[in-house]
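One structure is given below, represented as structure tokens, and several questions about it will come after.
A, B, C, D, E and F are the chain letters, set down in written order, and residue numbers restart from 1 in every chain.
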């Protein structure tokens, strides 16, 4: 019988340097926060490179990266750990946050605003000078390993009315602003990730910028660099550009017929000339 | 005693090619998405052939198909797996998503918009370049088998005000639009699936199109091809056409007396001439 | 110690033909649906004979009948089955739906609109051409036995604003309309079930029809044939008719003094002349 | 170690005839319902004698009485039973409803309107001609013992807007109306239960009738016979009548200063002359 | 290993007579209720001496006192008991109410209005002539020991709109009204409990009376005798009176700047002269 | 196998005196409350030094400090303890509150207003003269060790409409008011904690005071001393002051473009001259 503890554990240490083009002093500030034991919040829209940045920093700092996608039903126990019943009684199994605290890993909570208050509150004693993680269930109080780093991401333009971080939580993080890269840099990323030539990459990026201007006309969220890359990969693999853009760029953005029509017109303009 | 792990497991690999008439370039785009490791969303109304399409693609790509009907109470554990208590302690049992990830199957989440956020968020790391499935409960991080493919379906015209996918989730999928087939093709499907002759198939399809125009008059959802086939099968089995249509086509659509009256008139017109 | 699996199981196969007077072609259509593997929905008011009809059809088709009363707290596990902890570890116990699927029984979900979405969604793959029941907890996918038949009941005039079936669920069923039988037939039923003579049966049925006309004056639900039979049985057992009708026919219908007064007047008229 | 099954079980069989003064033909109708296998609902205000009536009928019919106080959190398992884990695995323990069904007891669900739908729905198959109790967890279907009788109580004037029984549930019961007894009979009850003399009993009953008229002036519920008896018992035990009435009759009825003042005036009038 | 049942149990029997100054005939009425098996409700504002009164009565009647603080999440099982899993299977552990019922203790449910309905309903059969506590989980029905007494407390001026006891529950209790004692008696209590001299005690009590008049100006709840005692104890221990009153009397009452200013003025007036 | 009870337990006794500059007589009042067995509430905004004060007092009184961050999902069992299943049956494990009660520690519930009522109610018997902690699950009633001290923190300006402590809970605590320290003292703290020179510390504190005046213009919460220290530490570690203030002081406070612009202007003014 396979007991879970005998299974190999991966801490997500990337094998080669993740591709990342810096936009400002975010690398330097992150390194100083790591040195100063300050937790970091990455603010910015979906798909603008926050996850890639944290992968890059983990590689750069030589630390394992443990990523946790936050959601409404993530409990404190999912983060911290729980007792499992085995054939000799109960056995404690660390959660991903506890593993990160013990190993001195980067622990990245993606979309932290989605988590419940009890999950977020568990982070508090890790973000001040104490750097402690109390394991209430065992009575232990863990001190974080020296190179442990807490990172969270947060999309400020999205669902702000329904959910938001408490101010007393926000003030526990140094915040770095992220946005879509400038056109030249975004085209370089699209080309690097998909294999399309520079002309198609620039056409896609130009189209993406036009679509992002539709936000004031009802688009719930603007297209990410991720969508441009998906379209480019279909084009590179032989799909006709307008067809690829309809499936990979426009259809994921909306179900509204008027908006879809306007976006289709922009696709036609971008590739039919 | 039968322990659950000793039971045979079926991964739903269909025995013969599922019947499917393509409407456009959806087969080619799906194949490129499969090759490019891009997740796919099938958008369209109930009963227009999305499920049949994914069965067809699984057969075409030679992959097993694992289907999961989404609903409000589907938990992340239902997808990923859980520990069961056995006579030698706890034992891990993979959920259907984990099996698909290990076997390189097509995993089809039907009506994904019905699922809770925690279920949907579990899919996120499987939809980007990482293609990972973290098993939080065991501390394992699975890398998806090369031919694993994630597919979801979504009905955009239905319950949009109460529930919708988050934009950050939608942007993780290439989206293919589906709609009811043109009359000629729909009649061919009805005839093929039920055994009625072409005249009756065309009469049913014509009736279906008239009923679909009632959506603006209060019909919650228009009749699917599925309903036309059910009516046709009762007719082929000896039930009088108007009686078959009342039971299999009209009564399932509404309880409203006015609407039922209008629909009955259309049935009388279609088969009494 | 009695372990639950050693207990005898009854599948509710009735010993003699349940009494049923057909109203139209519902018996023929049900038989064709059974032959064609089409699921059936019985639509109609409380106590008009839907349950009796399904008992009759089970007897007629020679299949066991498994009935499940739906409610808000019925979980998918209640339908499908669960693991129980025994002295040699966990053991799987089939739920009533799974037993019906294995045995090829008629499975009747009474008042299906009361069930939660997750319960209803479990039925979906059983209602299309696949006829499958995935047992998520064990990883098994059951194919329904050839003579398995899914039947649900639904009261369209009741609680429609708060709860309703999703259109994508409704379209999975052939629907048969039920209503109270005509006076002559209802009197025959009342007399057969209670032992009162034809005069009293006709008086009760006439009274029932007058009470049913009060629905527009605030009666939440009209009196069923069941209530007429209960009154008749008390009369047959020696209770004075007006007293029997007050207890068994009127008091169950309302607590409103005005309505109760009006109904009492009708009772007096029916039996005091 | 005491295993729960080894504990003595009491089915609440009263040792001597419970005191009950009939108001009409309720005893005869109840006996006919018992003979005819019809479930019974007792309708009436708090403390007017419904519980005493059912105790009386249990004694009269020579059946054990099992009483269940209904509330929001009473689950179907609380009624039907559950598996308990013992040192040789799981063991089934009958709930009070199941015991009543097996033993042929009177099962009395007090204030049934407080129960959740899933609790109430469990009663349905026990109330029609089948008289079955399906034990979903074990797969058993119990047929009720011949003398099993289901009785529920229901206070129609109370909380009607928030909670009510479904019409399809109400129509499963023969309903008996209860109200406070006439003055002479209520004074006899008060005197019998407390030991006060007839003069004080009549003074208390007269006072109670005056207080019941305050319902239109804001009293949430009128004083029950129970409150009159409590006051009488304090008086019989030496407490000054006005003091006893303030503590046992008025203070339990309201916290509103105006109402309390009006009620105090009535007490002074009743005992100060 | 310490099994819980081997631990010493305390039933809270006070060692010496708890200090209590009677306000009226509450002691006599409580004793008669105890003799007559009538449950008692103590009505009055926070901190006016209800808890002290019940401690006094327990000492006077020579019964152990078991106190239960009610709240939203107190379940019926918390009151009645539950099965615990031990090394020889499950074992029943009595809850505090069950222990009180067996031992004939006074069981005091503090702030009963905070409890959920299922908790409150469990008390019902203990409050009428039956004096029974059904243990649904074991099938046992306990008859209360002769000297068992149920007591609840209730603050009528507080949270009345959101939560209230059901009338059918209230009518099960004899109710005793409590209020703050008159000035002379309250000063005696403050002096006795804190050790301050009579002048300071009278100054504090006078200040408390002035603060209680602010209720109409927005104070959510007036200061209890408890707060006056806390202030007095700080003064007796060397804290300057105005400073002690700010921390122990005013700051606990409100966060509103205007109210705090008005209260501070009253403190200055009371001690600065 | 590691059983949890064999793990070392830390009670968070600080190794050296935590740095704290008193603002008034809060140290003396706290010491008197400790001597007088009075519970203490620390009222004040986020990050103004409440936690540091309680650490200081624990060091000063020579008691261990046990800190519990309160949140919506903290249950009474999380505070008090629970049974865990081991290989010899169940075993009780104390929660952090129970450990504090046994050891005579300071128990600090941070942001107590976030906790549910059931958590808060558990504290009640610890705050009056009884100083008891009933362990309902084991039947034990613990008397607090003589030097046990309960402390809670509470931010009055924050979320007051949604959540608030019940008055009957507030009146159980002596309350100490906290606010940001005066400029000179705050600059000393910033300099001591970060290592920046006095000029930069004063510039940061001056900036912080200007930002705090923006509360009336829509800032949800004003910047804490904590944020000033984080900015100072980045500056001390080589980050340009304006860049450090943008990341560590401004970005954590708001996502509103107008507010961010106004705050950026203040940063430029503070460091660009």
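Some notes on this structure:
Everything that follows uses one rule, which is that a contact is a pair of C-beta atoms (placed from the backbone, for glycine too) under 8 Å apart; a residue touches a chain by one contact, two chains touch by 3 or more.
A quick note: this is a predicted structure, and the numbers were derived from the prediction, not measured.
Traced through touching neighbours, the fewest hops from chain B to chain E number 3.
Shared contact partners of chain A and chain D are absent. Among the remaining chains, C is positioned farthest from chain F, on the basis of C-alpha centroids. Different-residue interface: chain A and chain F share under half of the residue numbers found at their contact.
For the pair chain D and chain E, the distance between mean C-alpha positions equals 30 Å.
Averaging C-alpha coordinates per chain places the centre of chain D 52 Å away from that of chain F. Of all residues in chain A, those that touch two or more other chains are 85-86, 88. Viewed as a contact network, the protein chains form a single closed ring in which every chain touches exactly two others.
Residues of chain D touching chain E in their complex: 1-4, 7-10, 12, 46-47, 51, 67-74, 78, 84-88, 93-96, 99, 110-111, 114, 155, 158-159, 193, 220-221, 223-224, 226-227, 230, 233-234, 237-240, 243-244, 247-248, 251-253, 255.
Every residue of chain E that touches chain D in the complex is listed here, in rising order: 25, 28-29, 32-33, 35-36, 38, 41, 43, 75-76, 83, 85-86, 88-92, 116-118, 120-122, 124-125, 128-129, 132, 134, 136-141, 156-157, 160, 166-168, 170-177.
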